[in-house]
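Chain naming follows the written order as A, B, C and D, and within any one chain the residues start at number 1.
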Amino acid sequence: MLKKHNYSAAELLTILSARQLSDGQVVFAGVGIPLLAATLAQRLRCPGLTILFEGGVIGAFIEPGKLPPSTNDQRCTKRANMVLGSAEVLLLLQRGYVDVGFMGGAQVDQYGNLNSSFIGDPARPKTRLPGTGGGNDIASLAQMIVAMKHEKRRFVEHVDFITSPGYLHGGETRRDSGLLAGGMFRVVTDLAVFGFEAEKRRMQVISLNPGVSREVLQDNTGFALDFAPHLGVTEPPTDQELELLRELDPEQLYTA
Amino acid sequence: MLKKHNYSAAELLTILSARQLSDGQVVFAGVGIPLLAATLAQRLRCPGLTILFEGGVIGAFIEPGKLPPSTNDQRCTKRANMVLGSAEVLLLLQRGYVDVGFMGGAQVDQYGNLNSSFIGDPARPKTRLPGTGGGNDIASLAQMIVAMKHEKRRFVEHVDFITSPGYLHGGETRRDSGLLAGGMFRVVTDLAVFGFEAEKRRMQVISLNPGVSREVLQDNTGFALDFAPHLGVTEPPTDQELELLRELDPEQLYTA
Amino acid sequence: MAMAKGNDKSRAGTPQSYLELREDLLRRDRSLRDKVVSLEEATSFVRDGDSVGIGGSTMSRTPMGMVWALVRAGRKHLTCSRSIVSSDGDLLFASGICDHIVTSWFSQGILWGVSKVMRHHVETGKARFDEWSHMAMGMRFRAGAMGVPFMPIRSMLGSDVRKQRPEAKEIDCPFTGEKLLLVPALNPDVALIHVQRCDAYGNAQIDGLQFMDIDLAMAANKVILTTERIVSNDQIRRAPDQTKIPFFAVDAVVELPFGCAPHECYGVYEPMLRHMEYYVGLVNADPVKGMRDYMDRFVYGPKSWSEFLALIGIEELLEAARAGESIYDA
Amino acid sequence: MAMAKGNDKSRAGTPQSYLELREDLLRRDRSLRDKVVSLEEATSFVRDGDSVGIGGSTMSRTPMGMVWALVRAGRKHLTCSRSIVSSDGDLLFASGICDHIVTSWFSQGILWGVSKVMRHHVETGKARFDEWSHMAMGMRFRAGAMGVPFMPIRSMLGSDVRKQRPEAKEIDCPFTGEKLLLVPALNPDVALIHVQRCDAYGNAQIDGLQFMDIDLAMAANKVILTTERIVSNDQIRRAPDQTKIPFFAVDAVVELPFGCAPHECYGVYEPMLRHMEYYVGLVNADPVKGMRDYMDRFVYGPKSWSEFLALIGIEELLEAARAGESIYDA
């Protein structure tokens, strides 16, 4: 439904997520769209943005066209400020040095819980997915931004399996489980940008993307949507944002 | 009482302790006589002896005449196999990689407990000593050799303060306290070499040094001595041992 | 039988008792001695049923040559643990030498979606994949390296990942009253680690990303090193603060150039992506026949590791090496 | 008032609550920015009553220049923690800026017996010296660095060192039933660390012996770096695996050549032993008058750190530097 635009859904997703970051932040990023978005923000508005990788990297500088195939490849360390052990970089989350955890998601629910482990019953799974990696640690210990493609099967009332915790069952349930810090801040999709309501901790739409109606959004979502009192409309990607993004991922490895 | 010999008490002490080590061992050594003795053993009979320092050094090679002033000085790392953090090197003791802990002692008691913290009542100490350093960790986690000058005031029935645990109050008391590994193996002095009886875990003389009688030894000891059934007599230092030792410590920094 | 107890426990995810751990270590010859063996000889250090820790992460510094040799040696019922598992896990499962993998993430790589080989074995119940968070894996190796039975962490709480791991225990902190998760020490019977260089004694120097290899080496009850180059002990002693694993934690040393192929070795070569693409295409199209074809041609076929490298192709090796060294061109 | 709570707690040896710890960190400006200040300006980062962690060990990489500046600035009631304390502790006590030292060993150095200055202050009850084992100190900083309230250890048990430390708690391991000692996290309000080089942001590279400085830096709620040289961020980025402390843990950077004098800085200079001998002779002869004379002449007398260095004497500086660099002549 975005064909009428001069950008792909993935490009929109990347650009909108990049706008969620601010200069000086320390961002723990996954590869793919999170890394692209963080690098875009770094080059556009946030020269002082620091990117951390799970493989053990602080202050990565990604070279256009040389995106790493994973967060554990040597490309992630090129001209970094520091290389350290994987446990050490993950412990930075626990100590509290990380401002934003930035991940993609396969399946999310109304409370921002993410599933990357099982489709169907974990005991007899329809699909065994790769699992958490550092996702559970990031979501447990830092404030989170999640960027994902908006599909009904990906936006469900309850995830089949809570791999990376959002607000669990809403309200105080996250804190009561022992997760005292962090939590879902934003979910960015190609259709809208979501926040979480302060009381129930349930997902709510804070702005619709260009050309997306409430109805279209609801039709593509597996649970009844709440809309923020002052619903905004997302600014479309600027030419500058699009040009820079296309420089970073010329082969459209992640932005096709 | 050793004036009749061609070596000093400290030289005898160093040479006798060196004889307690065997090739291939991993030895956690303090500076002073332990380091000298370990280096002597290394050059004499144990080319494969590995010396660890508290400062964070594995496989130190001491250059004759360049003894380090402490285990935390850069001299300790010259041509070492590995340099690591102080916590990491101490954790090697806890994991079990160290064969022998080798220290000096200020005050020892019948159960091999060492005091380097307080003379007199700890609440109102006559003398506040420097404390444990890594001594408590080494004595808690590894099999121990202690080298010390033999004086009545240093060999007491009960130490004023247990800084580095021997067998605590004897019998199973060490194990019952939670110290499941390690323990005192030998105490080497300028008068005799001591082991620990298997049941009571009390210190016992296993061999007398040249020219030392049971009486002289008892007169210089603050508790009633047990003697091993087959009491040996220590072989006097050989010329080779003395020559090499004097090369290592030409200014007699530790062997005066 | 302490080793047997040992691997039963590390397979079950319960920590060994301290005395058992110390006895296992006492039995090892930790003296300064030449430990160089051939790749084939090194396989004898791994026994059927062992719990095996694997170094590196995803496609980086994976001891692929050692895994390849263990498959050829036909080990059985291994339980393998690793921070993040890539195509090494496909090989372990499909070859039948391993029926249990403990890790935080398991697929060939992010570029290629979900491993059909992993799915085939896990979804049919042929093999077991225990999932822990990435940090939890690190803390399990770290507890093992430190000689303590557990480490406290603040992640996994509240998630279903934790619900599937009764091996971990929740406590209320005796100091703060806060909920904490205690993850059990993991002391593998044997660790497989690939490094850029080490000496004949096993003093190993690792450049760049270390992943969890140092904790893994110190935790394991045995360590097999494969290395791009064996260097003199003098070279090691000229840069002691580059040494990351001390010789007394190492039991065998194998010189194996391109020992991570087709994966990467930091600063030496990047992953051989053409071979990986070919591999993934083959096995994700048909996880059974595809893997059999791949193994027949690339694992059982070659007479030696060099022959395997030749099958990848000298051009791809050179390209990977050029890219690998470029990391220092900064 | 969380900081106040914080330093009350780290003085008392009880861990901060996790929320308090996270809030303290949230309040810090961790952004990539120039943090270079003068030695005098840096003293404003330490407040009266703070709990101060000191880097290095014994006579090695001691931030003597920073301690010297804090004495001149007349701070009050500091609680200082360090792996092993040397003449820095004499200065802290005798100057009256610190009345509480937490460490495993405290004297000028093994060569010189027992510090009469330490004895004078501790035996008369003027000041407090809390003794922990060396590993326990390391594990307290490590717990603080990891954001957990404690670390389990197997030493100190059964000893009188442990009996004097009710701050530590014994537990029966929930996995093995073994007795363990839990040592509380130590998160100093501020850490003073000297390094060989760092950039203006605080990315710090440490050569050779690291002691407990990395854990200390990550544990502290504020870090002041003194450094032999400030280098460009480009130089740091050319060798990222030499970086040991990341910029976002650092709050102030001071370029201070010979910043450890009269102690040693690995690879740059060895201790200035003639000055140390002179110092020890003076203060151990009369811990009160001797210290006063020393401080009048060497701490309060000089207008600047360079003037202090001049008092040590250029010849001794050059000798120490020659010896320091010789470590690389292997």
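By definition in this document, a residue touches a chain if its C-beta (ideal position, glycine included) is under 8 Å from a C-beta of that chain, and two chains touch if they have at least 3 such contacts.
Small disclaimer: the values here were computed from a predicted structure and weren't measured.
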Subunit D and subunit C - chains in contact with each: A, B
Distance from the mean Cα position of subunit B to that of subunit A, given in whole angstrom: 58
Centre-to-centre distance between subunit D and subunit B (centres being mean Cα positions), rounded to whole Å: 29
Rounded Å distance, subunit B centre to subunit C centre (Cα mean): 40
Multi-chain contact sites of subunit D, meaning residues that touch two or more partners: 18, 147-148, 153-154, 178, 180, 208, 237-238, 241, 330
Multi-chain contact sites of subunit A, meaning residues that touch two or more partners: 57, 77, 79, 83, 91, 94, 180
Chain-level touch network, classified as line, ring, star, complete or other: other
Chains that touch, pairwise: A-C, A-D, B-C, B-D, C-D
Complex contact set, residues of subunit C against subunit B: 18-19, 21-22, 25-26, 29-33, 145-148, 201, 203, 218, 233, 236-238, 240-241, 243-244, 246-249
Subunit D contact footprint on subunit B (complex, rising order): 31-32, 54-57, 69-79, 83-87, 90-91, 93-94, 117, 122, 125-137, 140-141, 161-165, 168, 173-174, 177-180, 253
Contact set on subunit C toward subunit A in their complex: 56-60, 83-84, 103-107, 109-111, 114-115, 118-119, 122-123, 129, 131, 133-136, 138-139, 141-142, 153-161, 164, 170, 178-181, 208-212, 214-215, 264, 266-267, 270-271, 273, 324, 327, 330
Of all residues in subunit A, those that touch subunit D in their complex: 23-26, 48-50, 57-59, 61, 77, 79-83, 91-92, 94-97, 99, 180-181
Complex interface listing, subunit C residues touching subunit D: 14-15, 17-18, 147-154, 169, 171, 173-176, 178, 180, 182, 184, 207-208, 237-238, 241, 330
